[in-house]
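Should a chain be cited, it is by its letter among A, B, C, D and E, assigned in written order, with residues numbered from 1 in that chain.
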Amino acid sequence: MHIGKVVGTVVATRKDEKLVGSKLMITQPLKFNMEPKGDPIIAVDTVGAGIGEIVIYTTGTAGRIAARKLDAPIDASIIGIVDNIDIHDLDE
Amino acid sequence: MHIGKVVGTVVATRKDEKLVGSKLMITQPLKFNMEPKGDPIIAVDTVGAGIGEIVIYTTGTAGRIAARKLDAPIDASIIGIVDNIDIHDLDE
Amino acid sequence: MHIGKVVGTVVATRKDEKLVGSKLMITQPLKFNMEPKGDPIIAVDTVGAGIGEIVIYTTGTAGRIAARKLDAPIDASIIGIVDNIDIHDLDE
Amino acid sequence: MHIGKVVGTVVATRKDEKLVGSKLMITQPLKFNMEPKGDPIIAVDTVGAGIGEIVIYTTGTAGRIAARKLDAPIDASIIGIVDNIDIHDLDE
Amino acid sequence: MHIGKVVGTVVATRKDEKLVGSKLMITQPLKFNMEPKGDPIIAVDTVGAGIGEIVIYTTGTAGRIAARKLDAPIDASIIGIVDNIDIHDLDE
């Protein structure tokens, strides 16, 4: 799993019907020092995440499992809101 | 999921029979500022996307789910046409 | 899916028995302008592709589906011979 | 599989209920010379790994298998504590 | 699939019990000109590969299929020993 920041939303009226009811959040992957890492992805929100929140997201089949929609074409979902990150030892 | 722009088509007469009837679209991955990101991929169109449209695509098993062809060798599909992108907060 | 060029073959006498009968083709991933992209991979040929041909290949579970060998350790297969590529709009 | 070093923990109170009871460890991927490689990921601990330990982790479906939670949105797990690494021949 | 060179072994006494009996080989990915490509990974040996041998390895679910252990947290396996590589045409 990875951490990211919810930075926006995507609206698509014409879409796979299995996506109806799934909120598509633009999520910026983050390093653990909160710097952005690469480009944002689209992840389905499964925990009520809001704009600006730091979240945990998961990819692949795990994204469909999180959304409880195994028959939907989802490959990434937000699965938690980060309360605290505790780094004890990072040699870089 | 990711966003991309449909930029072309690929025609293959000799191909896996499970691909017959699937439209193979050349899709340029995009950043959320609409700049191209990396090289185009081939994705199966499942929503009637046209050349030049900004789309949402999905990869892996989710691509087969989108195409409703679990027994076809598909690893990427277009699953929505983007109407609107709303970026509230992107620190970069 | 991606496009590539078949550039060679790999022979392995000592191998997983489920691979017996599968032709292992060295496939150079290509950009859509036909420039090489990254390093070659090994893909199982499922369409009778020859050396020098431009092909469509697929990865992951889709590779096993293409080979009709769900119990073989295949993670990439050639699934079509490219007849024509039509790029209408590529802003880069 | 890959090796990494456990460098911290992530706490998320609001999360997918299937993650309850799974310890989320921040794991820094390592090269075999123990230099960090890329950015840390979040992996579920399945072997009682402690901060600072060098571990083996696995990704994708293998991560859910390791956690014995096939219905949880897990895509990476720690599956072993490294006792010894023996490099015989590395031409670089 | 990819080619690599077996360069060492990893020993982990405390590990997922499903890994017991699987030999964990440090495998350096190779380009087809035998230059190293990126960093080594850990792959389960399924063909009796020895240190220094050039092998074919596979990743993801295909790794578990190769090891005939669908319930083990394996995401990469060695599936063949390379006898011969024949490159006919490589434009780079």
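Just so we're on the same page, a residue touches a chain if its C-beta (ideal position, glycine included) is under 8 Å from a C-beta of that chain, and two chains touch if they have at least 3 such contacts.
For clarity, every value in this text was computed on a predicted model and none was experimentally measured.
Hopping across touching chains, the smallest step count from chain C to chain D is 2. Between the two copies, chain B and chain D, the C-alpha superposition involves a rotation of 145 degrees in steps of 5. Inter-chain centre distance (chain B to chain C, centres taken as mean C-alpha positions): 19 Å. If each chain is reduced to the centroid of its CA atoms, chain B and chain E end up 31 Å from each other.
The residues of chain E that reach two or more other chains are 60-61, 63, listed in rising order.
Listing the chains around the ring, anchored at chain A and oriented toward chain D, produces A, D, E, C, B. Those residues of chain C lying in contact with chain B across their complex are 1-3, 31-32, 37, 46-48, 56, 58-63, 65-66, 77, 79-92. For chain B in complex with chain C, the residues that touch the partner chain are 5, 7-16, 18-19, 24, 26, 28, 36, 39-43, 51-52, 60-61, 63-64, 71-76.
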